[in-house]
Each structure stands twice: as structure tokens, then as C-alpha cells.
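The structure that follows is given in the form of C-alpha cells.
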Amino acid sequence: MTPALWKSAANALLEANLQLTRGSFTLDVRLTLAPGEVLALLGPNGSGKSTVLDLLAGLAAPDVGTVTIDGAVLTAPGRFVAPERRAIGLLGQDALLFPHLSARANVAFALRVGDAQLNASLARKEADRWLDRVGLKDFGDSLPRALSGGQQQRVALARALAAGPRVLLLDEPMAALDAETAPFMRQLIREQLAETGTSAIIVTHDIVDAVVLANRVAVLHDGALIDQGTTAEVLAAPRNPFVAALAGVNLVVGTVQNGAIVAPDGRIFWVRPADAGDLDSTGPGAAVFRPASVVVHTEQPRHASPRNVWSARVTAIEPGSGGVRLRTSGDPEVIAELTPAAVADLGLQLGSTVWLSVKATEVSAYRR
Amino acid sequence: MIPRLLYLPASIGLALLVLPLAGLLLKVDWPGLPALLLSPEALQPLGLSLATASVSTVLCLLLGVPLAVVIARSQPRVAGLLRALVTVPLVLPPLVGGIALLSLLGRGGVLGNTLELAGLRIPFTTAAVVIAQTFVALPFLVIAVEGALRTAGVRYERVAATLGAGRGTVFARITLPLVAPGLLAGTVLSFARALGEFGATALFAGNQAGVTRTMPLAIYTAFNGSGVTTDQAVALSLLLIAVAVIILVLVGTRRASVLS
Amino acid sequence: APSNASDAEQPATGLEPQTLSVYAAASLTGAFDELATLLEHENPAVDVQVSYDGSSTLATQIAAGAPADVFASADRKNMQPLGDDALVGPATLFAGNTLRIAVAPGNPLQIETLQDLARPGVITVLCAAQVPCGAASASLLANAGVSLTPASEEQNVTAVVTKIAGGEADAGLVYATDVAANPDRLQGVTPAGADAVVGHYPIAVVADSAHVEAAQAFVDLVLSPAGQAVLAAHGFLAP
Amino acid sequence: MIPRLLYLPASIGLALLVLPLAGLLLKVDWPGLPALLLSPEALQPLGLSLATASVSTVLCLLLGVPLAVVIARSQPRVAGLLRALVTVPLVLPPLVGGIALLSLLGRGGVLGNTLELAGLRIPFTTAAVVIAQTFVALPFLVIAVEGALRTAGVRYERVAATLGAGRGTVFARITLPLVAPGLLAGTVLSFARALGEFGATALFAGNQAGVTRTMPLAIYTAFNGSGVTTDQAVALSLLLIAVAVIILVLVGTRRASVLS
Amino acid sequence: MTPALWKSAANALLEANLQLTRGSFTLDVRLTLAPGEVLALLGPNGSGKSTVLDLLAGLAAPDVGTVTIDGAVLTAPGRFVAPERRAIGLLGQDALLFPHLSARANVAFALRVGDAQLNASLARKEADRWLDRVGLKDFGDSLPRALSGGQQQRVALARALAAGPRVLLLDEPMAALDAETAPFMRQLIREQLAETGTSAIIVTHDIVDAVVLANRVAVLHDGALIDQGTTAEVLAAPRNPFVAALAGVNLVVGTVQNGAIVAPDGRIFWVRPADAGDLDSTGPGAAVFRPASVVVHTEQPRHASPRNVWSARVTAIEPGSGGVRLRTSGDPEVIAELTPAAVADLGLQLGSTVWLSVKATEVSAYRR
């Protein structure tokens, strides 16, 4: 939580400082958004992402807090601007298409709200163009209940973009989309935001969305922002297991000892020379390495170059993006990625005891 | 998806509502019926009833929908109180409703005096019939629409607001269409109640042919006049019921088609 | 017969313990309440319950099997069909009623004649021609050659009384008994020819009555000089 | 979220419903009130009214909820017809409801004769009061619950079915709790209507103290008996209204807490 | 559509033959499920996946068709067994937790339906165990509206599993789950299905779900099954662009000519010798190659070994699982995967014209 992370951008478009308690859940978040910036808001289920968006859009009020856009106060003690006057659009987790309006009329509704001049027939034509852009040219007359889940999601996306807000909040906009469509929708969002100079916050569980769409990433955990920065920064040095899982890397949160990181279960991870220099005094620290860097042996490797060697049990075998992923026991667990051929060659099975090794040069480390 | 056990009580309930009407049919003097129904004594009150009940229903919509919105979107305590106030007129025996209206709008009534000075007299006019009908029918509309609004919730209204739509637009384009079934139900109920209104009208508006004699008053007059043979009253009731059923079925099927 | 506790326990001459149900026209309310008390006083074992309503309502109920023992109607029209169907025993006329012009106390509009009822600016209400007081009003007006459009044709005489007493209407035709019952709120004007139009009240024992003896006792009481005195005190004429 | 324009008509609507009642308050003879309200002439009908209205409301629930389910889950055409049939009793002027019930259950009535043979006589008993009240109050419950069922839809019922739950279980554990607000609204409406029922009761049940003289009949009797002075009638009405408001507010706040 | 694909398993548990028309959408599907088998049902948005599940679960009736389980007829002309008597569970695309019941009571409802003997307090305890398994130990008392989207999804999953059906239909069960939780839920589903011997059909847009959970994959497109087989088979030889996108490979559907595949835009793809033998006569055929096999040049490569060389424009630059993905123009478009360093070295930008090459030995091919 270095103060530098929270530096208030002098040119911030949106600034928010939000505190809220709901039952046992407490939210305490400060964030800013520069003009044209796209922020990916990541975090585990129940970390408060949707709640943050509701508070920004004015669908809920914080216990204490402020929201300003371009210096104008939207939310503050004693002041609350209604959602429709905030120019902040929100595409929620549910599509919530107006059930009595056709797909076309849903989009046209947003268009006419955004532009009072627009007459009905022009709005319909424009809406049809939007439907075309989300690949639903032939579904203009369909009522929402005659659309599939993914189709509804796409109409809702078109509707949210068509409203033309200054800031757009998107809550898992790609969750229901198929593999073929998702990249096109991602492209559409990116182009549209860039073209109109709209700032946006995108909540997602898919790292690809963050990388493609966002300039910056913020990670929410239990109602608090635990990490913020450019996507590369955040993913390169994951600060908690969630980000590590998202980035698909192994993260060992432990203590610094003699230039190495000691895991909670006592394993010692030697790190690459570049980072070891920082680790001269004790304190909390973390080691990060890619699953592909983990070598799996069925016998204890002797006279081998890697300095980091330990034994573990195989707890799961799963396919991964780059081959087969082995989950192995320990605190924390370590994931190794192998080719399917290697798995077969080594005769690995659930419960097998294996030896794992990682070259120190593959392990990056930082103080926490 | 209907539990089979429910069919028995459902049939009894339906029988309770329908059989008495069937019993009424047995009392009808069928040969004399056509002449009676085409007489001015039947047609004039029917026309007046349909006209006043329609106006009352429109008034109920204009006043009741806003009231329903206010109640549905109020804090629970306020809503509870308002809902109770709105329901009270249902409890009033018809006669008392008439007394209450007279004590407000009659000569010597609080508002009545003021109106009198302005040259306006309400009792004994067709306006009084409309007011009496609106008074008794309004609660139906409010309760039905409020229930529908509450069930529909505010999710879609919130979505519309995040798209930038103002309250008026949201109300007209989202809220009203979403509660259309409840609105229609409320309209049907209040029209039916206005059509059948007798008590408050009798006392507050009086009973003058062509001006305030609605169908229920004509029926009562016929009943009082005929002594034990309720023929004419029954025949007139039948006419009222038939007209009501036709309207209800017409609206009912249109309603179904809206819901689809 | 003088009554005492032992009579009640040993009703040799009195009546068995029972509840007598009398259905009476609404205009009889005050008088029949007194007569009921009188009968109960003479026959302590008997409890008299009087139901008041419009004559046609009561007649309809009796035709449908209502547990009435005595029926006192405000007109012959409602008694006749019951007698024809043998639902009641022979009917006897026991009282008459005549019409009065009812106005507010002090008669602010100076209404003295039937013609005054038709004066512009005077709000007149009458009973509907179909109900007994309305029929009587119609003949009274016809006899006097007065034609008028009332502001309202009320369903019963009570409604006419209410409208005048409440100030909604300026004048109307009601029964003499109504004026007598409301001395503070109504003033009566006797119109010319009032005596020529008399409403007649018949009374009869209901055929199905389980308490024929007590019912007959009540009818007898109504027709007795004592009963007639009570009726006269409430403004009724002799039959 | 309430468009500001709606507050004006909402206030007028509320005023129309509440002001006449306030006007009634001005007519009350306050000094004489306590004695009157504590007299048996007031308390006996009140007790009878509360008792019969409660029984009627329970009957409405037992018969009306199943009927509402059947209508809500029927084909649109069937539902439209059934809904119209259920609404008709609303149109009936009070008296006609009484005539209808008598013609069915009275002496010489279709069912009445049969029951008479079985030694059962319904008219002019407390049972008749309950039947009359149920007849007029049932439509309210059915319409309110049917609307709620329709709005709630079948999504959750379908989910429960895919979990393997039988229809009875689904009805009791899912459907009923989901329509609880509508059910409560319907119960309140039908109780209020039963409490205020006058017309059908007067003809079908008669007016016998302690047996069939409910509060509305007592009010009517007081009104007829006293002639001009509506004091007693007004006082009794006030009592009825006060009791109704208390019950409605109590239920109303409980209802809010259920919805939370 | 080789008949072999549709072979009716002699030991099929579930057999379905479904025809349905809804508006302009027509469904015509025949599928079988063996005891204990888990089938992944894949397909683009609106292809009819949810509709198929509804028809199997008895939430909808086909125009024509039959569904049998263990030989017992559930759906047939003139016969329709109610959903609650099918022993087929369905976890729909929406969580649809009963809104008036707490998370615990939602799960307990399913438990008590499945086991009439179970008393209320035991059911609550058992429900708590289920909530623990989906990581929501502390949320037993929460009403659905106090749960986040992902939390609701997890309770719904617990509820569906707890009901203990013979066949379980899961419609995008992982869509709202965070990256850290998803693998655990996947594992939970796998273990639970295996332990209870439950057969299942899982609809998903995530290839990982299919690979981890399913024995077999079926691909639905426009209401028809266009591919079926083991996961490896289907992904190795994608039969349409959707499957190719899912598998992350390039697919060129064209015609066989002289041992090569000719794309619709005329490009010729020479294929590896092993497959070329099959391509002796003309007819429809397809070529498949991995994005990582595509080499990107900024100038026309001369004297190079790859036989397949063409030029194209860069239409999109996206991050991919193994580096940066370049989408390039053409019919069909071709995706190339490079390291970020290579992209920088080559100075590639949106709209750049590049030369692409693929070695014939990297291109597999088959007749269609």
C-alpha cells in the first residue's frame, strides 16, 4: 500500500472515495480515472466490484464518501446527484433488457435518451447499425425472451455503448459470450471507447479482457484495493494469490532470508541475482515464477543445476493454455506446466510423488 | 404445474361466485324480458351507468396511478400508513360513504359551502354520481397498481436511469408498460366497482331519471316498487351483468394478448 | 293480566319462553319498539325482536323463508302477494299515515302550499313513485294539480328526511310520523288535501310461524286500544 | 425515482379518499361518543362483524388461492373467461347479490330446497352472513393473488421442479412464499370488504341482533331508526373505521417487514 | 456428418431425438449419453444449447421428438413426464436462487427433495457442508440478494449437485466465477460426478471446462450438431471456425486440389505429407495449423523453406495465452502468435502489411 499507488491524478476525470458497510462486508476504496483511461477492476467473487460500480453510477449511496466527475460533486455528504444526471453509464452483471421492448427498441431507447433531437425512425436505423455491430442484424424484432443468454448480453452491450456516456462502467460484459464472438466484442468496445474518448471501468474475471482493453488494472480484495498499476506491472509482480491465479503464475508469499524467499512451509526459493540484491535484510517478501519453468522429475534430481528442488504430491492434473497443468501439494501449492507427452512419459497420476525444481534465474522476487 | 389437490377448492370457489348468478337466471320472466330491456326505463339508466362509470374509471386512472406510484416507492412505514388510508373506503358500508361525501361536499359541508359561494352545487348532479363512483372505485385501482409496481421492482427503472433517461421518460416508457397487466386489472376492477356502485350514490347524488339514476338505483327502485315479485329488478340486474361480462371478457382477452 | 315472577315460571295464562320475531316497516320503528316492550312486559318469558327495513325487503325475505312471526307492512302492495301465496295469515289494517310538507325549522323559504314546492329555486325531493310514500306523494300532487320535477326521487322516506334535515334539500313530502319523530330538525306543513291520501298499514301473522300464539298476541296488542294509543302518539292515524 | 409531476394528482387522489372521512368526524357528537361506543348496541355488532369477517376471510383464502392458481396457470382464453366470471360479483349492486343468494339458497331456491330437506336452513343465520361476505369478498382475493402469481412467473417453480420437488412441495415452499405480498394484499382487501359488506347481507341474512346484525346493518338500523339524527350511525361508522384502520395498519406494517 | 459419429450407444443412459422450431430458429438434434459419461456441449451464442437442456429436463416440449432415460420414455408424441419426475437436474444460465430462502435453505431445499427421510436440522448441517465446499462457509444465512453474482452462481451449483439427480445438466456453470475459484469448482464438479456416477452435460464457452470435465464433446451450430467425439479428436480436426476459435487454431475450410487446400480467397495451403496422400481427388477439405506456427515477416521472404507464403494486413493485435496474437486479413482470417519482443522488433502496428509463412509440415488437413 505504498502511497505512490494512490497518487491523485491532477487531470483525473472521475475521483471516488467510498466507504460502505453491508452486513459483515466492508468496502473502503479510493480510485481515480483519467480522461480516456480504461481501468480493469479485478477481484475475487464478493470482493465488492459490482458494489463499487453501483456507488459510482449513483445506484447506491456510500455510508461516507465522495464521487466527483470533472470536479463536479456527484456524491458527498448531503449531496447526491441522481443516476440519470451523472453521465455515467452502467452495464450490469445481468443484461436486464427491457422485457417489453424488442432488441432494436432497447438500443433505440438508449440512443434517443442520449440525443433528444433524434427522431424515432432515425433512432431505429441507428439501432439496427448497432445490432449489426454486435452480430445480431437479424434479431432487431426479437423480444428479449426470444434471445439466448449471449445474444441478450450483446444487445445490452450495444445499448450501453449507444447511450454515449462520459464514463462507462462494464460489469463482466463478456461472461456469456462465445469464444468466436468475444474477440470481436472486445475489439468493438475498444474502438468505441477510443473513438468517443470515453473513460471506462471494466470488471472482468478474464485476464485477456484486462490486457486488451485496459490501460491500468486495479485489484479489489475484501472491499479494499490491494494493487493498482499498469497491467504489465501488476501481473509481473502479483501481490496476492488471486492476481497470481489470474496471471497464471506461481506466487510464494513468505519472508526474506539471506537473499532468498522462505515459504510458509519452510521451502526456500532462491531468486535471480537481479532481485536478490534487494533482499539483504529480513521482512515480508514474495517469489514469482511461471508454471512452465517448473521441471518435474520422478526421482530426486542429483548434481542438477537448479538450486530450488523439493518433493510434493500431485493433487490435480488439468489442461492448461500451454499444455497440461499439474497442481502439487505444499503451502502454497505450486503449479507445473508440461506437455501431454511428458505427462505420459513420466507416468504421472493423481497422488504420484514427484520432485520439482526451478532454476533460480527463473524466479523473480520483491519485498512486500 | 398446478397441484391436483387445488382443483376441488377452486371449483367450490368458482361455484360460490357463479351459482348465485345462475340462480338469478331462474327468477327471470323470460317472455317479458325483451320488451323490458328495450324500454327507456332500462336503457336510460344503462347509458348513464356506462357513461359515468367510464368517466369515473378515467378519473381513477388519472388520480390513482400517481397515488400508487407514491405509495409503492415510499419508505415502508409511510407506505403502510398510506395503504391503510386508501383501503378504508372499502370498509365503509355504502350508506356511510354517502354521509361522508355529503358532510364534505353537501350544503353545509366543509367544502360544500365554499363551492356553493362559487355557484357550484354538487349533490343531485351527474358530477355527484361520478364523485361517488370514483370515491368507492379508486382504492381498487390504487391497490392493484401498487402491488404490480412493487412486484415489478425498480431494476429496469435503474437500468434506464444509468442510460441517462429522466424520470418522466422512465415512467412513461418503462414503468407503465411493465405494470400494464396490473394497470389493466386495476382498471377492470374499478370500472366494475363503479358500475355496481349504489349506496354512496343513492345518498349523495340522489335518484333523478336521466341525471343521477344509474342502473343500480333503477334496480333498487324497481325492487322497491314491485314488492315480492322481483322480476323487473332481476331483469335489470341481468342486463347490467350481461353488459359487464361482455366488457370484462373483451378487456380480459385483450389483456391476455398484451401479456401473450 | 298482571305479570310477576311466578307467572313467568308458571305460564298458565302467559306464554312459553320464546323469541318472537317481528318484521316491520322502517317507519314503524319508534312505535313498534314501544309495543315490543309492552308485550315483553305483559309476557316476561317472551323476547320480542323487531327487524325494521323497507317493506319490500321484508316481504322478499319472508317469501324466501325468513323466520318471521309477524309482518307489518307500510302498504298493501307488499302484503298482498304473501297472502295470495298463503305465506301469511289474514291481514288487518292497523294504522294510517298522511303526508306533510317537511321543511327546515323556521320554514326559511316560507313554503306553505304544494305549489310552493314547484317554485324555482326550491330544491324539492320526493320518494320514488314506486315506494309507498312516493305513490302517496304522486296522488297528493295530482289531486292538487301540481306538477314538479324533484331534484331526486329517494328510495325511502328516511332518505327524504335526511336530505331536508341535512340541508341538501329545501322541502319534500314525508309522513306525519316522520315529522313527529324529528321535532328539532324538521318542521311540518300540512298541505291541502292531505287527509284524502292515506297510506294504510296491514299486519299479519306469518303462516310458518312457530310462535303463532305469541304472534297473535302481538297483533292483538297492536290492534288493542293500548296499542293504538302508542301508534297515535307517534303520529299515526287510526286505520 | 418518482417523477415530480405525479405528486399533484396523487395528493388529489388521497384527498378524495381521506377528506370525506374527515368530514364525517365533524358530524360526530363527541360528548356522547364514549357511552355509545361502550353500549351493547355498538359492541355486539362489532364483535359479530369481526368474527364473521374473519371466518369469511379464511374461507376466501381456502377457496380463493386455489382458484387464483388455476386462473393464473390456465391458457390465456380460459383465464380471461374465468377472470371475467370472478369479477362479475363486483358489478352487482349489493341488493342484487342478496337476491341472487336467496334465489339459490333460499326457500324455493335450487339448492335451498335440497338443503331444506336435509334439515339445513342457511338464510337468516350467521352462516348466511359468512356466505354473503365470502361471496362479495372472494373476487378481491382471487384477483389480487392471481395478479401476484402471474407477475411472479414460473421461473422459480421450474427450478424447483428440476431439483425434483413435487407440485405440492413447490406450491407450499416456493409459490406461496413468493406471492406472500400479493396474498397479504388480497387478504386485507377481502377482510375490509367483508367487514363493510351490507347489501347482500341485509337481504340474505336479515337483521337480527346477535345473529346477523353486523356493524353495517347496525349502522343502517341506527340511520333508519333515528330518522334525522345520523349521530348514532356516524358514531358506529367511526368505530368501524377506527377498528379497520388499526387492523389495516397492523397488517400493513407486518407486510412491509415481510417485504423488507 | 459421418454416420459413425451418431452411433447409438447400446448402453446409452439418456437418448434424445429433438426437433423444434421457434420463430426462424430450428433445432434438430440427436444425442446420447452413456452412464457416468460427461458430455461438453459447445456452440456459439444462439446455437440452441440452452434449448436442448430445457427439452431434456422437461421444461419445454419438442415439436417432434423423444427423450428416454434407461429405456423409460420421458418425452414422446403423446407422452410427457413432468420435470420433477425425470431425475434430470438442470442448473440454468441464471442462478435463480429462491429469493425468499437463505443460501443454506436453498441448498437444504434440494437435499430434502432428494431425500425425503432427511430431517430439517440434518439437512441444514449437510447444506452447510455444501456451502463450505463452494467456499461460502460464512454465507449460510445470507439471502440471495445479499450475495454477489459469483457467490450466487456457486450456491446454485451447490444446490444443483446436492439434489443428486441421475443426469445433471449444467448451463455455463463457471461463467461468473473468479479465476482463483474456477479451478476448485471444476474439481468439485468432477469429483462429485465421478463419486456419484452421475452423467452430465455441460454447456460452456471455455475450452478448459470441456477438457477438464468432459469425456466427450458435441458442437452445436444453428440448431444442428456439427461435430461430436472425444475432446482431443474434435479439437485436433476442427470442423468449423467456431471450434477452431475454441481450440485456438487456424482453420481454412476450402477445396482439395492437387494435394493442397485452396482457401475461398484463392490462397493455396500445402499440407504435411502424412495428410497429403488423402487429398488426391478434388472435393471439400480443410487445413488446420497453430498460430504459433505462423511466421511473420515485414518483407517478402525469398529462398525460404516454407511453401506457404502470402501477404496480409494486420487487423488486430491482442494478447494471447502464449504471447501476442496478430489477426490478419483474408478469407478466412489467419491468426499468428508471436513473442512481445518480436512484435516490437518488427515494429508491427494495426494496419501494417506483413508477409506470413507456414511450413507445410505444420499444416494438417482432412476431407470434409
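Labels A, B, C, D and E are assigned to the chains in the order they are written; within every chain, residues are numbered from 1.
The rule is short, and it goes like this: a contact is a pair of C-beta atoms (placed from the backbone, for glycine too) under 8 Å apart; a residue touches a chain by one contact, two chains touch by 3 or more.
In UniProt terms, the chains line up like this: A, E = ABC transporter ATP-binding protein; B, D = Molybdenum transport system permease.
These numbers come from a predicted model, not from an experiment.
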item	value
Selected pair, greater C-beta contact count between C-D and D-E	C-D
Farthest chain (mean CA position) relative to chain A	C
Interchain centroid distance [CA atoms averaged], chain C/chain D, Å	34
Interchain centroid distance [CA atoms averaged], chain A/chain B, Å	56
Chain centre separation (chain C, chain E; CA means) in Å	89
Gap in Å, rounded to a whole number, between the CA centres of chain C and chain B	35
Junction residues of chain D - those touching two or more other chains	99, 109, 161, 167, 170, 223, 230
Sites on chain C at which at least two other chains make contact	60, 63, 156, 162, 166
Shared interface positions of chain E, touching two or more other chains	none
Chain pairs in mutual contact under the definition given at the outset	A-B, A-E, B-C, B-D, C-D, D-E
Residues of chain E defined as touching chain A within the complex	22-24, 43-47, 49-50, 93-94, 138, 142, 146-151, 153-154, 171-172, 175-183, 186-187, 205-208, 211-212, 241-242, 245-246, 316, 318-322, 327
Interface residues, chain C side, partner chain B - complex	54-56, 59-60, 63, 77-78, 80-82, 123, 125, 128-131, 149-156, 159, 162-163, 166-168
Complex contacts: residues of chain D adjacent to chain B	1-10, 12-14, 16-24, 26-27, 62-67, 69-70, 73, 76-77, 79-97, 99-101, 103-105, 109-111, 131, 134-135, 138-139, 142-144, 147-148, 150-152, 154, 157, 161, 167-168, 170-171, 181-182, 185, 188-189, 192-193, 195-199, 215-216, 219-220, 223, 230, 233-234, 237, 240-241, 244-245, 248-249, 252-253, 255-257, 259-260
Complex interface listing, chain E residues touching chain D	57-59, 82-84, 87-90, 92, 96, 98-100, 109-110, 113-114, 159-160, 163, 165
Of chain C, residues touching chain D in the complex	21, 26, 29-30, 33, 49, 51-53, 57, 60-61, 63-67, 156, 158, 161-162, 165-166, 178, 181-182, 184-186
